[in-house]
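What follows is a set of notes on a single structure, which appears directly below.
Letters are used for the chains, namely A, B, C and D, taken in the order the chains are written, and counting of residues starts over at 1 for each.
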Amino acid sequence: MGKRIVLGAVAILLVIAAAYASFYVAPEERTMGVLQRIFYFHVASAWAGMDAFLLCFIANLLYVWKRDQKYDWLGVSSAEVGLVLTTVVLITGPIWAKPAWGIYWTWDARLTSTFVLWLLYVSYLLLRTLIEEPERRALLSALFGIFAFIDVPLVFFSIRWWRTQHPAPVIMGGPGSGLDPTMNKVFLFSVLAMHVLAAFLIVERYMLEKMRSEVDTLRREAEAQ
Amino acid sequence: MTALRIPPTGLRFENIDKRYGGLFALRRISFEIAPGECVVLAGRNGSGKTTLLRVAAQIVKPTAGKLSFPGADAALPANGRPGYVAHTTMVYDELTAEENLLLFGKLQNVENPAARAEELLREVGLMERRDSLVRTFSRGMRQRIAIARALIHRPSVLLFDEPATGLDPPGITWLANSLREVNRAGCTVVMSLHGESEISALATRAVQLDAGRVIADTQSGASLHSILTFGSA
Amino acid sequence: MKNLNSVFEAYLIGWGVFFLFYVSIAKRTSDLRAEVERLKNALPRGK
Amino acid sequence: MSLLSNTAILLDKELRTEFRSRELLTTTAVFILIVLVLFSFAINPGTEEARQFAPGLLWLAILFASSLMFQSCFLREQTNDTLSSLRLAVSDPFAIFLAKLIANTLFLLLTELMMLPFFAIFYNIPLWSKLPVLILVLFVGSLGISIAGTAISAISAQARMRELLLPLLLLPLLTPVLVVSSLVTASLLDREPIVQWKGIGFLAVFDLIFLTALWLFGEYLLEE
């Protein structure tokens, strides 16, 4: 319990520090001005979300292999947190796009792939609600999670290579491609902060799932009496 | 009915658990069935008979514990699997009786599947309906084709879940005679039954289940009778 | 400082989503606690 | 080798039952036909833009039709618990999937071929000269749809609300197939046709990746 409170406090402090850094430490971007400061938050969420889904994939594989409930709990937790993070990406994206390009939604490869990714994990969580028996739910959702994750690169490249025939507006070349060193540092710090926040949320969600599974067992025993 | 091709095989359950969610369908099941025995599983509905038979048929994977077939070849070939008759027919309604038997015969590498299918159709008395879709069959005929399917690969272990379901009195006599014949030929028979009948008369041993546990296991005539009459009521 | 409100909007909505998610976890946890209490009371009587 | 012989036996069963009733073929064909007609009301089919949209619409129709077709794929094995008897009989459960996905690809391809003349007439697109490549595109696309669809139908058959669930699980998964095959088909049917081999190759890669995943994880889908 104590450790979880500490983790939560650290996560909040880091997120606030990252916000401070992206407003006051990072230099102003020349073409986009202050608007570019969404970048640190938006892209850091995207990266953390992707890593949460990666964690979900690993948990799914481990479940199929080891058949330990723990991995099932980790699977749901990381999928749900990943979904929250990608939701943030999908909300902040249009907020950024509107003043920058005058439209809310662009069918840009990254944003579109993120949206498909979001849909895939919504389906994953939906599937979980529709199977009653815990072992079967764990196994089948793990298998769907595996199929969904291997689909991710295919979705990305198919959209990138065939959907965007004209070059998409270059928002950021990603870190490394000409990003100012200070900007780069602030960006990496934001990514770290977002990962700690994600870790905290996953731990909290995991404890909830653990408890839910215990209550479920209790309830079944009570019904069987 | 069946000439045995594989060595007589027994069945051994070691600490078998099957859990569905938090609930145990089977709990610590341990007993052994010797090759050639004819065993009746008794118990109320929901006592775990069907689950135990499905575990023995290797359709359901036990949560814990080990299932083995003492006497069988070390590498159990596909056609050494038990013959299993379930509550459902386990055959295709959209195929004819003969097509069903051919399908399962070929899948299990039965030698000369056409001849084997014909032999079985004759035995279960469906020869004249061989080209009819199973969909058009009566309950009794469905049960006969289900039994034929289970026997197609000449198994050395037979697992019959309520095999008399849907059979008329002549059908039950026929089934009892067939089972006696296979059992004499060395085939191990495990079946779940409700009450006493010509079929239960074949049993030399009764195992009673309750709430997923073995609560009685007897070979003596008197207690066998009592388990069969009262235990499964 | 044009577009500053868009930036604030993005940060605030983002944080809001995280916060709501945390609240939902806390809510679901407390519901479960209540359920545990109920079951604990129900179980001994059933046995 | 027993995998291949088992697959052949099971494929024979799948084809025999389907061609006896022709339920899947007729329903999917009629469904695609209805969608093609309805689309022609939603967009103006005579225009030049329609020529560009039409291939995408065709693939969308195929995708929806396929998600109807896969409904019964594993569900019909539940009626008499034939899935259990199959699992007892085959030496490698992958044979069950392989037979089903080959059968589904064939059914899908057959309905597509039946619908192509209507498509060409309704949207005024001549396809005769590009037919071989078009069939290749239809094949790699339908194969991908069938591989993923067979896997997902094994999942959805074991859940509640399976009829609704199947498309929800399957369609997002098939985004890459839809994106690439409609573009490849569009450029193939353009006034100046181009064969996008890269796209056909991509679809083949999709098929291969999902086939491998099914081979690795398929047996767990059938676990009880």
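Note that contacts are C-beta pairs under 8 Å (C-beta built on N, C-alpha and C of every residue); 3 or more make two chains touch, one makes a residue touch a chain.
All values derive from a computational prediction rather than experimental measurement.
**Student:** State the pair with the higher C-beta contact count; candidates are A-B and A-D.
**Tutor:** It is A-D, judged by the count of C-beta pairs in contact.
**Student:** Which chain wins if you rank chains by how close their C-alpha centre is to the centre of all protein C-alpha atoms?
**Tutor:** Most central by this criterion: D.
**Student:** I'd like the Å distance between the centres of chain A and chain B, where a centre is the mean of that chain's Cα atoms.
**Tutor:** Those two chain centres are 51 Å apart.
**Student:** When the C-alpha atoms of chain A and chain D are each averaged to a single point, how far apart are the two points in Å?
**Tutor:** Comparing mean C-alpha positions, chain D is 31 Å from chain A.
**Student:** In angstrom, rounded to a whole number, how far apart do the mean CA points of chain B and chain D lie?
**Tutor:** 39
**Student:** Check each residue of chain D and list the ones that touch at least two other chains.
**Tutor:** 223
**Student:** Kindly provide every pair of chains that touch.
**Tutor:** A-B, A-C, A-D, B-D
**Student:** Write out the stretch or stretches of chain B touching chain A in their complex.
**Tutor:** 19-23
**Student:** Which of the residues in chain A come into contact with chain C in the complex?
**Tutor:** Residue list for chain A touching chain C: 15, 19, 33-35, 37-38, 41-42, 45, 80-81, 84, 87-88, 91-92, 95-96, 98-99, 197, 201, 204-205, 207-208, 211-212, 215, 218-219, 221-222, 225.
**Student:** Please give the residue numbers of chain A that touch chain B in the complex, ascending.
**Tutor:** The contact residues of chain A facing chain B are 133-135, 216-218, 220-221, 224.
**Student:** Along chain D, where are the residues that touch chain A in the complex?
**Tutor:** 148, 151-152, 155, 158-161, 165, 168-169, 172-173, 175-176, 179-180, 183, 198-199, 202, 205-206, 209-210, 213, 217, 220-221, 223
**Student:** Note which residues of chain A are touching chain D in the complex, please.
**Tutor:** The contact residues of chain A facing chain D are 64, 116, 119-120, 123, 126-127, 130-132, 136, 139-140, 143-144, 146-148, 150-151, 154-155, 157-159, 161-163.
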